[in-house]
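Quick notes on the structure that follows.
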Amino acid sequence: MTFWFTLKEGLKGFKRARLATSISIVSVAFALLLLGLFMVFTANVDRLIGDLRSRIELEVFLEPVIEQSVGMKIASEIALMEGVSDTRFISKADAANRFEKQFGRNIYEVLDTNPLPPSVIIHINEGYRKAASVREIAGRIAAIDGVDEVAYQEDLLQVIDKYIHIVYLISGAFGGILLVIAFILLHNTIRLTILARKDIIQIMKLVGAKEAFIRRPFIVEGLLQGLIGGIIANALLWMAVALSRHYFFEAVVFPYIFFAVLVIVGVLIGIISSKMSVSKYLKAVL
Amino acid sequence: MIEFYNVTYGVDKTPILNNISLRIVKGEFVYLAGASGAGKSTVLSLIYMENLPDEGTVIIDRYSTAKIKQKEIPLLRRRVGVVFQDFRLLMDRTVFENVAFPLRVIGTKSKDIKRKVFRVLAEVNLSHVRNADPAKLSGGEKQRVAIARAVINNPFIVLADEPTGNLDDDSALEIMSIFEKINRQGTAVLMATHNQSLIQRFPHRNLYLNKGYLIKP
Amino acid sequence: MIEFYNVTYGVDKTPILNNISLRIVKGEFVYLAGASGAGKSTVLSLIYMENLPDEGTVIIDRYSTAKIKQKEIPLLRRRVGVVFQDFRLLMDRTVFENVAFPLRVIGTKSKDIKRKVFRVLAEVNLSHVRNADPAKLSGGEKQRVAIARAVINNPFIVLADEPTGNLDDDSALEIMSIFEKINRQGTAVLMATHNQSLIQRFPHRNLYLNKGYLIKP
Amino acid sequence: MTFWFTLKEGLKGFKRARLATSISIVSVAFALLLLGLFMVFTANVDRLIGDLRSRIELEVFLEPVIEQSVGMKIASEIALMEGVSDTRFISKADAANRFEKQFGRNIYEVLDTNPLPPSVIIHINEGYRKAASVREIAGRIAAIDGVDEVAYQEDLLQVIDKYIHIVYLISGAFGGILLVIAFILLHNTIRLTILARKDIIQIMKLVGAKEAFIRRPFIVEGLLQGLIGGIIANALLWMAVALSRHYFFEAVVFPYIFFAVLVIVGVLIGIISSKMSVSKYLKAVL
């Protein structure tokens, strides 16, 4: 009974202050869209960094005189080590090809024999793509019989390890600022829609309504504003993602949980702002 | 039932009411007269407790300004019907909903609300505008909506602030007869008014305010 | 100077005024009487052209509703002073600024504004509240602010919609004498009122409206 | 006279609607801050891409038998070519060092003579860091006597050339969306502050004020809201930049013109929104 009356009143509030409410919904939608765009952006940066890390490879140079079959055995032995995801064996012939690509000359043009050692290229499992773990793996591999040397871009790894924090920090800070901005914008808009009805709130109080009775429909209204704004924001965000998938990258990451996040943030801000603003005008008169 | 004991009230050090003591008993009909700015509306505001006295005590029914809790004030107001001088209608809803509001507040069933509101609107001759936007009504029509809202909830007292100011003589007589009728049914009425001819035609006790002082008759 | 020719006006197919013809000449003092909802305020709104007739023509001074351009309406309004029934004060500024507003609009010098506003405020007994917030005034005080604003600019006609509705008899007499005074200075006055005793005390031509029809006397 | 009255009225409007105006200023400030953060972000991405391009290098392999002095002469000849910014000569000995770094073995361990050619590493001038220009320069160098081959990461260049458009497009699209969002948010806020005063506007009109007379103080008020909001946004933005310079990168790019941009955008939106909203209520009544 009271629940339905409150809901009905909240819905009627929309009609009663149509202009203010629609202005507010548009603001809510766009502030949430903003937040959504940023979340998508962050998710994609995160994916990109993951990609970068997955490209880390170690090159294990074997003794140049080793038999190919022994080399391949070493490769499969390495493949079984903790933290190693896969290995690829580079024979002396493969190495010669790489030499030609890099130095522009066929090694057999200059020499009779191939002095290049065979090697094993290995990739690292996801949890182990940090400078410390990789160094540890490299140490264990170097101890294997037949392994001459282990080479990898330690400096690149250290750079990623160092900057990843900064990237996450910046993303986090920016996201935090954005959340604050979105909150302030929504809060202010909803405050203004209620400011426009402060006389109504005061009259209700003078006619014997309890504070909770007055507050409830406004809260429902704020909730609905947040909800509708969130749904519109989701529609716009989905359009933006679809467009960028079509025109830029097919691989744009979009976790569907974002839909829920936007709606929840909108609804929470709607409820909190309405409640705070109504309370303000309830206190303004005895 | 309504008692003022040495009530003083002011705003920003300007005194508005000085040392007012008065008593209105159950079912009485009392006029509150006085020049513009004498403090009539302020006296009424102390009764529905929009303002609290600076000194002295106001006792309304079982509530005293000395010890009423803030959350009891709505309960008091449900027992006091007020016709505000500036009407204070809820401009965002229809005439019907304005009159129905005090019933919504106490959770009356929709069917009962409809029945009661229709009856009261008929009494003040406003049935035809029940779905209108109050902003579009004539001055007298707004006043009658305010009256309907004040009496809908069977208050024990109706405070009427210049309730015939925007009404022609015929309408004023009709409204007066409504107040007389509800008064006969046991509701007290305190009416701030300038209308001397009404006061003469419907004689009742008359409180006279002058610059914030209650003048002894 | 003010002429209505077979004026009909309605809202949403509800007729409010029917076939009204009337004439008010320069310097005349005319009452507009009629029950609540008869259409008095609507007649006034056609004069300051908040509403335009559906049929017929209204001619005010040299402006006719048949051919007035929208940007001429402000010029008309500067020559017509209006005391609105609901006052329509600018709630965001002081009493002084409310009364000064029609002078600001025509670019009067600050010094002259001050002099004129002080004089008019003194006439309506409001000098002491000139810096007050109009929302905090009593009903009668608001009404007097509205009157001061209507007459400040020496209009050729003052339209007064129930200008004594919130005033006690003494104040009402004072206000009437102000209207009589400006009328003697050549300003026409059209006053919608219910106050029969005033009409009898200050006899002038009386237009009587009944449910949107002008009743021939 | 009228100018000063208008300005004074505009300023008074602040006091008259203190709450609404301050809510609005806060909204304006935060929406502009948002825009500012994005502009700073874009400026820094742009700088980063510039950095990346500046790393492009060409390696010119000379005939392996060439004299060192002749090689150095070729290097200085190349340095004078159009589009080349600087050159570095890599002697046969330097090449041997590089070989050891890359393959983990000293070339003299395997061979008696050094078969590696000397080379010249060249950097490209800013205006020429595109795939087409670099290809053209490489062609001209290849034609020089004594030059064996010119190597460079043509694919990297092509990737940059290709993705740079996408990066700029995304930045542009995001910036555009942000501008629209900021505009909508500011516009809505200012509309709501004026909605709260629509009665005032209508009364003024009924009392004989011309539309321009009524509109002007509101426009001044909108302008001031935009101005003050812009100044606050600038202060916040500057704090954000200073903080990130202190904690993250000292090299954060911040063109001071952004200060002007934010203020101008704020003022324009303030003026336009006020004007539109007031006009709406001016039209609502005859």
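A, B, C and D label the chains in the order they appear, each numbered from 1.
To be clear about the criterion, a residue touches a chain if its C-beta (ideal position, glycine included) is under 8 Å from a C-beta of that chain, and two chains touch if they have at least 3 such contacts.
Just so it is clear, the model here is predicted, and its values are computed rather than measured.
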For chain B paired with chain D, centre-to-centre distance based on mean C-alpha positions, whole Å: 66
Gap in Å, rounded to a whole number, between the CA centres of chain D and chain C: 62
Centre distance in Å when chain A and chain D are each reduced to the mean of their C-alpha atoms: 23
Distance from the mean Cα position of chain C to that of chain B, given in whole angstrom: 29
Sequence positions of chain B contacting 2 or more other chains: none
For chain D, residues contacting two or more additional chains: none
Chain-level touch network, classified as line, ring, star, complete or other: ring
All chain pairs that touch each other: A-B, A-D, B-C, C-D
For the chain C and chain B complex, residues of the former touching the latter: 11, 33-38, 40-41, 85-86, 136, 138-141, 143-144, 161-162, 165-172, 194, 196-197
Chain B residues within the chain A interface of the complex: 48-52, 70-71, 73-78, 82, 84, 88-93, 101-102, 104-105, 107, 149, 153
Footprint of chain B on chain A - complex, ascending: 1-2, 5, 12, 16-17, 197, 199-200, 203-211, 213, 285-286
Chain A contact footprint on chain D (complex, rising order): 19-20, 23-24, 26-27, 30-31, 33-34, 37, 41, 61, 102-105, 110-111, 115-117, 148-149, 151, 166, 169-170, 173-174, 177-178, 180-181, 184-185, 188-189, 191-193, 195-196, 240, 244, 247-249
